[in-house]
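Some notes on the structure that comes next.
Labels for the chains are A, B, C and D, by order of writing; each one numbers its residues from 1.
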Amino acid sequence: MDVTLTYYGKLVEVVGKSKEVLDVEAITIQELVIWLENEYPDLKKLSLKIAQNNTIGELEDEITSKNIDIFPPFSGG
Amino acid sequence: MDVTLTYYGKLVEVVGKSKEVLDVEAITIQELVIWLENEYPDLKKLSLKIAQNNTIGELEDEITSKNIDIFPPFSGG
Amino acid sequence: MKKSIKNIFVEGAITPEKIAQSIAAHQSKTGIGAHDIFLGQVRADEIEGKIVQAIEFTAQIEMANQICHDIKEHTFERHPIHCMHIYHSIGKVKAGEICIFVFVSAAHRTTVFNALQEVVNEIKANVPIFGKELFEDETHQWKENK
Amino acid sequence: MKKSIKNIFVEGAITPEKIAQSIAAHQSKTGIGAHDIFLGQVRADEIEGKIVQAIEFTAQIEMANQICHDIKEHTFERHPIHCMHIYHSIGKVKAGEICIFVFVSAAHRTTVFNALQEVVNEIKANVPIFGKELFEDETHQWKENK
């Protein structure tokens, strides 16, 4: 399944792009985090939040959406 | 010493006037309260505050100002 | 140097425009990160079948201004606030209109949240202002703060 | 019936006039006795000798609106509030300008004080908005909430 990862805020600078497509099968959010930290070691220093369907996921959640948002810490307000 | 008592808020209705002059010598605020409650028994139901020089007095304070403010409970805001 | 004592009283209702002007006046103070504003609005309460149309406020004005000045000094001593303003209506304010406006500004939000609550509670408890709730039939009742 | 999801975002700074209009719109709601308004203003912080000129906000807009909708519903369940509004800037907001406006109204002041603090803290913690602090020399730093 092709999944589009969208990066937000400072992550766009850290990973050097705002979106990318990944072909994955039945992976959990934790597995995605491992992939991300492997691909972009600088992400290890940040506490990432991963959302699908506009909801922050738990590490054990399986990825079911084709659009995944990857956030650095929020800093609104 | 002539002291002017000024009544505020609902006290104007309870005592039927907004000001009156009293000739007193060396009395405390407590003694003034006793006089007031004697003169206007309906005041007993209210918790009065007495101020001189723009400061709420304690019962044992002597009255030294010629202008005394007599307040019902505050209800600003 | 002691600050001069300001007049907190506004004749009649406090307008949204006055509040906007007060907010705009803080845009040059670029150390401020958080404002907290309390507004009291006259409620059309129903009391024994009669509805409050307006509140008429009276006060011992000189003492009220002095006490608000003291509340401000006391608040500046206890909290790292940058600015603080208190306005209260005198005279008649209709239901739905604003009768008190308290404005606190600081670098951070926790400061303004803490300071504003204290200030509003102190004003309610300690400032000699008296509200008379007016009904449509020209009767009235004296407001009581809880 | 579910309420529709509102858009909290305002392009650029939130103006004092918008705040005044929002206050004025509540004058017909005569059960309201207390409003509490939080405003966040961009600080001209000095960081390693450079001064913040503006913050540029980006967001996951759809999710941010959904989360704010949930925060509202949750707040209405827990507090007897009458009204609640959240606005946040998107895009560039200069130092001294307002970038967040949260407005809570209820019959009594304790309700609005409690509800407003909760809501502002929840927005800061849970809404996917990102601030980029811009310096005069066109460098930047990513804002971090404490």
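Simple rule for what comes next: a residue touches a chain if its C-beta (ideal position, glycine included) is under 8 Å from a C-beta of that chain, and two chains touch if they have at least 3 such contacts.
From a predicted model like this one, the values you see are computed outputs, not experimental measurements.
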**Fill in**
A correct list of chains touching both subunit A and subunit C reads D
**Whole-Å separation of chain centres (CA-atom averages), subunit C against subunit D** = 23
**Request:** Could you put a whole-Å number on the gap between the CA centroids of subunit B and subunit D?
**Result:** 48
**Fill in**
For subunit A, residue numbers touching 2 or more other chains are 77
**Prompt:** Which residue numbers or ranges of subunit C touch two or more of the other chains?
**Reply:** 40, 109, 120
**Complete:** So the complete set of touching chain pairs is A-D, B-C, C-D
**Complete:** Listed in rising order, subunit C residues that touch subunit B in their complex are 40, 57-60, 62-64, 66-67, 88, 99-100, 120, 123-132, 142-145
**Request:** Could you pull out which subunit A residues touch subunit D in their complex?
**Result:** 6, 8-10, 49, 51, 54-55, 69, 71-77
**Asked** Where on subunit D is subunit C touching in the complex?
**Response** 16-17, 19-21, 23-24, 26-44, 95-98, 105, 107-109, 112-113, 116-117, 120, 146
